[in-house]
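Letters A, B, C, D and E name the chains as they come in the text, with residue numbers starting at 1 for each one.
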């Protein structure tokens, strides 16, 4: 696979030149934090963020997305018949993705693209996207990607990987899409073995130094009902506000809601992110709510990520270790601690 | 712009202003025709949500009268 | 269901026209809607098995998951019986014959028909959850299918005589000798009431005498299920042969939106039909 | 309510409250005229109108 | 304030042991810097998890709603005012509570600290007296706490609790000469169009996660208006008009009840300053009704009483 080395200035210039091939998105500073935006909105690009506040999932799975359009006009012969809303699925390059967020795409894929059903929008948006990653030279203290099957230089889910070598970026293609991307980037020169070695050693060093703090090994074998009935859930959930921050910031949370909206005689069906933290999420029409207690909803979130998903797919948790929920939970409910409690749980003890 | 006519959502108390409006009609008093009148059992029934709903639906003005 | 991942949009409903509306119960809260597909080829795509459900899609209001009340042996239309409870159902109740809307499906799994072959079938239903059971009865009584099964025993209860669904059909089934009907109501002051009085679990206990070579399929309100379960177990039904149909709040119907999640299962995709044996290993959040 | 609406940028002329007895037909007409003039003065509403959701 | 921690543990232990309360609500030290976690203690042996420092900016009053036990609870000035509001609004009974008052000199704005270190990752933040020592991988910085207070704390005029059963320390002096409504006044001076733009920009990042609503001790309705479906008052997407409707009505529902505790802003994952809405209402309540929420159990808030001399300039 091809690779190129760029001076930092040359790299920024090269990104600017990609417009005719891709819609380029990258983390831009927005107030106090970084968030993915189109390159056209960039005043200054700097790749010195820890990570973006919101994960890049919104580029593939927008917080609110039009699914269908329809007319309620009784004169319209096609009234009440739903039609797919037009979408822009031209190639897009998402540059600067942290490996945890790319890893998350694979975890979510199992939900949206499975042998029985494919979610057309998610699949098409992912197909249109080229993920260009940025290895983490300095993982945060809240990061735990290594504990959940990833790593600061994990390549899974990425089409190309950037490595920050101080004054230069090494950009390596990892897939055909990445190959194509790299061929379209102007400038740069092929990396020599020395640079590659430098990057390899950096990756190795950072990965080795990163602590592996969150135990997940026993989750698979613990009986599901024992964990479900474990005594710690009320305590874990006490502080929870049942806001949706954790689920909205999470790169692996995919739950959504479907809503119809009408203005005059035009209507749309759209889907919005939803959250298992909200009581409304499971409220039946009859008024019955299987999860009407706060602790049940908190339990659902952790059980789904750390047990149900594990049971369903048999390898690994539904968490990429990005640490957003750890950092931004307003009441400091820490998934690392909960995972530890679950993993260490001795049924009947 | 001069021929533009506003749409004004109007919440009238059944016992007071609605009666006044009725009386105005009976007395053949003239007033502008731009009001879309919603009769409420009491103007206390008008919740802020109603006023926002009216604005969200594109009313140019809202008038609540007890 | 679907064979392999298709590229067709699983969220896109088939357009249908309301062909007929029947008010089922005395409180007028239950109506049965008969739908005809606008595109005849959609009917073939909508190949279903009793026990499955579909999303009824009312543009501008939303979608609701409803069990299919017709049987695949009935051609030319599909029917659904809908209780008026929320936004979409209320709007649906106000719609008229000839109106166009959408149906998305069929969704979910079905009663274990293959496993039931050569066995006695005990069908226990209550209230308006009888819809997929009606589908099952019609399906099982069809001349092509009837020989596959042994005795068919039905216990169906409602609050009062006026709340029973499909009254004409019930009366017809009562007359047949290849199906044993036990219709019951919780209470009635109708002197002409000729069937049973009492709650479904009690009637089940009286009328279902044996669990030998039998599978029980149960669909009804949670209270009924809760009290019927021990009765069936007492009759000797092992949990693998007690089949329940669940409902949870759903949106997508295809296991993606996440809300009907129970353990590693989605009620909409892996259910709604579960054996009691399976449910015992799932969190009771339904 | 009125103050907060004005605070976020809804013109003062858009929201009116009044007390009119059922006998005060002339006051009703007066106030109706005032309300009409005030709303006409601020012109068509531009903001806070929900159309189809502006989303992806 | 470190010394408060020991005192709090002592009080909580005593209350739980002698049965004055069944549960005690306080904070434990968080797993990340500048985040403490509200915690409920039942067992007197666990009081050592209790902790107090300048990062306890959430409002514990939230956790009172619909509880039935006898509860010991920590309360700063604003928190105690929310507890008073809760009692007035019949969400909890005064007899159920044992309020442990904390004279408060303000909470640290974790965003301001992060901004001050250039957005770098903070690995530890320790309070030492009036100073906060913040460390990262390659820096160490000492802040005067009064320079990095939450903006509501900086203009707080009720630092001492108003309704207490026991204080952990002597009251602190109240701040003199603060101008709480400067920012409101600057918005009031704008043209309607500018105001609209100001607020539209303010909430443009909103995710509709409802953290502000849920962190707010005033928001305890069983069904929030945003969740009502018949009729549906607000769309559920992140459409700007819907978002504005949410923020507007949320704020309006706090009229005459908000104590400016800052919990809403503290919890917002995208840093929206939604107090710009509620502060306007607080200002009006103060100017029109001389009212500040939650100062006394004796008086009901202005929007739920009728007085013949009420302000009614706006009515024709």
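Convention: a contact is a pair of C-beta atoms (placed from the backbone, for glycine too) under 8 Å apart; a residue touches a chain by one contact, two chains touch by 3 or more.
Since this is a predicted model, take the numbers as computed values, not measurements.
Here the chain-to-chain distance from subunit A to subunit D, counted in touching steps, is 1.
Annotation of subunit C and subunit E: jointly contacted by A, touch as defined at the top. In this assembly, B is the chain whose CA centroid lies farthest from the centroid of subunit A. Centroids built from CA atoms put subunit D at 52 Å from subunit C.
With centres taken as mean Cα positions, subunit C sits 39 Å from subunit A.
Subunit A and subunit B have Cα centroids lying 50 Å from one another. In subunit C, the residues touching two or more other chains are 86.
Along subunit E, residues 235, 237-239, 241, 245, 248, 252 each make contact with two or more other chains.
Within subunit B, the positions touching two or more other chains are listed as 48, 52, 56. Inter-chain contacts, as defined above, occur between A-C, A-D, A-E, B-D, B-E, C-E, D-E.
Residues of subunit B touching subunit D in their complex: 1, 4-6, 8, 15-24, 26-27, 29-32, 34-35, 48, 51-52, 55-66.
Across the complex, subunit B is touched by residues 1, 5, 10, 13-29, 31-33, 35-36, 38-40, 42-45, 48-50 of subunit D. Looking at the complex, you find that subunit B touches subunit E at residues 48-49, 52-53, 56. For subunit E in complex with subunit C, the residues that touch the partner chain are 229-230, 232.
Note for the complex: subunit E touches subunit A at residues 30-32, 35-40, 58, 62-63, 111, 114-115, 119, 121, 123, 137, 205, 207-211, 213-215, 227, 235-239, 266-267, 269-271.
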